[in-house]
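Consider the two complexes below, in which chain A is the common component and chain B and chain C are the respective partners.
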Partner chain A sequence: MGAHISIPMYQRAVKQRYRLVGLKCLKCGKINFPPKAGCKYCGNFDQFEEAQLSGKGKVYSYTIIAGAGAPPEFSEEAAYRRFYPVVLVELDEGPRIVAQLVDVEKDQVEIGMPVELVIRRIYTEEDVIRYGYKFRPKKD
Partner chain B sequence: MRRVAIVGAGQTPYGEFPTLGVKELFAWAFKDMLHSVDKGIDPREIQLAYIGSLSAGSGFQLGQLAALLMGHVGLPHVPAIRVENACASGGFALYSAICAVASGKCDIALAGGIEKMRDVSSTKTKYWLGISGDTEFERLAGLTFAGIYALVASRYMHEFGLTREQLAKVAVKNHRHGAMNPKAQFRREITLEMAVAGAPVAYPLNIWDCCPTTDGAAVVLLCSEERAREFTDHPVYIIGYGAGTDYLAVQDRDCITSFKAARMAAQEAYKQAGVKPEDIDFAEVHDCFTIAEVVAYYDLGFCEKGEAGRLLDEEATSLGGRIPVNVSGGLKSKGHPIGATGCGQAYEVFNQLRGQAKNPERQIKNAEIGLSHNVGGSGGTATVFIYRREG
Partner chain C sequence: MAVGIVGYGAYLPRLRITKKEYQQAWGNCAAGIKEKTVMDFDEDALTMGVEAAKEALKCGINPEEIEILCWASTNPPYQEKMVSGAAAVMLGLREDVIATEHGQSIRAGSEALLTAWAFLSAGSGRNALVIAADAPRACPRESIEHGLGAGGVAYILGTENLIAEIDGFNSFVNEMLGERFRPAGDNNLRDIGVRAFTFASYNQLVTRALQSLMEKLGRKPSDYNYLVIQEIDGRSAKSVAKKLGFDEEQLAPGLLYEQTGDTGASSALLSLAAVLDQSKPGEKILLAAYGSGAGSMAVSLTVTGAPLKEGRNTVKKQLDENITYLGYAQYLQVKRYI
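What follows is the complex of A and B.
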């Protein structure tokens, strides 16, 4: 049983989830990601333009999820991989976002490490694959 | 606004009760409350009830729970409102009931909370416990609340040098306290070695950093100052009460090593009460994970930013220390029946201030001012109450 969110096909229209598009506030100049109806920095409600985020940033904090710490829809993955890292990343443009970190050994994860965004499989529910963003260590 | 007193409080033991349903659990706490009213009360005097619960809507699909429970204790016509703010549901039920009495809307109100968590599989529990964050983002990253609090812990350790041992000291302390509490779920002490080496859940947190799932209920009887002496010569006044809210997702907050919602609630409560953190004799704080208690020390003004580890090393927050925290055992050892927790904390403070902690070993001596702190999710909502014994 998973969290009841919109169906994957429909989600692909969601720019923030598949293309990391945020909203730049035209009043204070800061970028809101995920986009909000009211700017989290100045409260402006109606003057925004879309802003493409680079997907590059640094690890601000992290955890290594082990079996018992995984939500039910991730328990298969936790059982198979034994653990998976999740990072809170501060993007170069300012916003912080949380996602899994892949292509890394668990003892290599540290605060401050440069990472970049990739689109990966999140989990499968009712035989439908849900894709979304994750991070991997930055390749030069 | 009028002053508001607690004149009675009741709580079931916290634990696992496979033979009891929500109605029976609630009635148990309600009856315990009635017995605590020194001069007695006709329950029909209650004019309004707020009852906190999370699973009623999200786990068990029960609507109108508050009216259902009040009907079961013979009060079908008391206006009853269910309150849901995740783990702070009980705190917000209490906050709402205090406001109702303070405003003059009614003289006598009930605040309560209940959760029956041991009836469903751990998979279902993790499902519905995980829905109180910003699900769309945090959940899709593969996080439950343990993982979210682990992000807080990692950052705290990085910024302030908090050690794994210091985190474990919260668990050791609260289990030591809980072992003395006849109503606690886990009445056993644990060693620092055990607490450091538990099975991993979400690094840096292990199983001993996490509170259990629990069945339980708690209720608090509130009364206007004008009528308090009809029911007891030893009322406990709620001299300050505050609430705060924040973005649910930690990714949306500038600072994750302190919870703004809790700081707001504390500031409001201190200001109203006219007291300072150093005036607090003891506190019940929201330790759903060990790191949550660490964060609370600063949010409540018990230490400077980043200094929580030192408080633990000095045993300042242990029973007998400068400011004992969670003498009940806290959520960690007493248990955490989500919706009941905020009212269960008030039950503990009420009894400690009246010298009725049951077991003399765990009675705080000569306490005059107590505080309780209840947090929803990972800091999305919070309440803080300051209590003073009078008479």
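What follows is the complex of A and C.
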């Protein structure tokens, strides 16, 4: 069972998925990512401004997805990779987000390792390429 | 007003396949490579180009200051759909950026560079971003496939704090039948498989561009510190350079084919990046791009004073570090040939 995301739903989140644009709560100062209708930290519903996140963070936790366990939209890639790491990244600005970790062997993934954002193809559905963020070990 | 390069960045994917893998799989390797670059399963020309652009933007130009975007690839993610829109969102560029896209031949990268130069020279903006990224494809049964690599490169052009100034260029077109082409609706490159024919076309068009630009600028080969000739194989660039009276030292810094294979529309500009990585103020660079049997262009540059950023991700670093080698069967999978 895949988590189908329709084209209109993906479209609404293009700026977050392509560039990690979050919402800064002007009441408590915290950054919400992904952006929500209300601030998840203080409940403010109307005072926000867009905030560009740096794309830098650390691995907070991770798992290795085995090929057979991948959702159908990832099945082709999973068949090639056989398994791939999925990480929970704690961004420098605070939010924790889930994404794939690339350019890494599965035994190199460690909690606390510094990572940086990279834009890759996530999957293709209805012949429409879904680009989005992944992470890789930080280069410098 | 001098217009030139204020920043640049290269991106080479970390995957490689060696000549030996081809020899084991097919009995021979038809390309003069030692190894070549290969995109990962989730990469394409757009993602490589964006990586290169992010590296180029480290020169300190803010994405919102980019007023012109010129993109080039012979293998964009969609056969019809602008790439600029996605690239602009990924990089945080303005929505009113003047965008052009180029891709009818491997000369496209150099066309994009000169288009951006022309916009800036006409006063249409202060900073331009040029992105060239490519990963040509052909049927794995064809020998033309053996040399096809992958890479991306980006340049920021501007009018202040120039790393290098563009001081002349030209363009030639001609009709040479049967050289590298891709039929309408086909993903795979072809040629007629006659090397002498390919070389004759390359030699004629590239030589014409280089000679006529040197004449126009009143220069001779010894006036240049570096020569970049777009590489379509392991030897044609060397052969043309020699005939024109350039020596190996002028050509060597820009030779990448042995390690990357043919990086298509990004090729000549990747070689230029490798040259800039080691250039010094006052040096002169002559570049020729080739448009497979139909065109060529030459660009002359003078390296000016702006210092290069320390710790930048040089072409050499990316050629030599953090590499993962693929077997031939893995290569077929990651290229989606099987």
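The working rule: the second predicted complex is superposed on the first by the 130 of 140 C-alpha atoms of A that agree within 3 Å, B and C clash if a C-alpha of one lies under 4 Å from a C-alpha of the other, contacts with A are read in each partner's own complex, and residues count from 1 in each chain.
By our rule, a contact is a pair of C-beta atoms (placed from the backbone, for glycine too) under 8 Å apart; a residue touches a chain by one contact, two chains touch by 3 or more.
This is a predicted model, so every value here is computed, not measured.
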Chain B and chain C placed together on chain A: clash or fit? fit
Apex chain A angle, CA centroids, chain B to chain C, rounded to a multiple of 10 degrees, is 150
Ask   = Thinking of the overlay built on chain A, is A:Arg120 touched by chain B (first), by chain C (second), by both, or by neither?
value = second
Per residue count on chain A, the busier partner among chain B and chain C is B
Does chain B (first) or chain C (second) touch A:Glu77, or do both, or does neither? both
* Asked: Looking at the overlay, what does A:Cys28 touch: chain B (first), chain C (second), both, or neither?
  -> neither
Once superposed, chain B sits from chain C at a minimum Cα distance (Å) of 13
Chain A residues where the chain B and chain C footprints coincide 77, 122
Given the complex, residues on chain C that touch chain A span 14, 40-44, 46-47, 50-51, 77-78, 86, 89-92, 311, 313, 322, 330, 333-334
Within their complex, chain A touches chain B through residues 1-3, 5, 34, 40, 60-66, 68-72, 74-75, 77, 83-84, 86, 88, 95-100, 106, 111, 122, 130, 132
Chain A contacts chain C in the complex at 14-15, 18-19, 52, 77, 80-81, 102-103, 118-122, 129, 131, 134, 139-140
Chain B contacts chain A in the complex at 123-124, 126-127, 130-131, 135-144, 146-147, 150-155, 158, 199-205, 207, 247, 249-252, 256
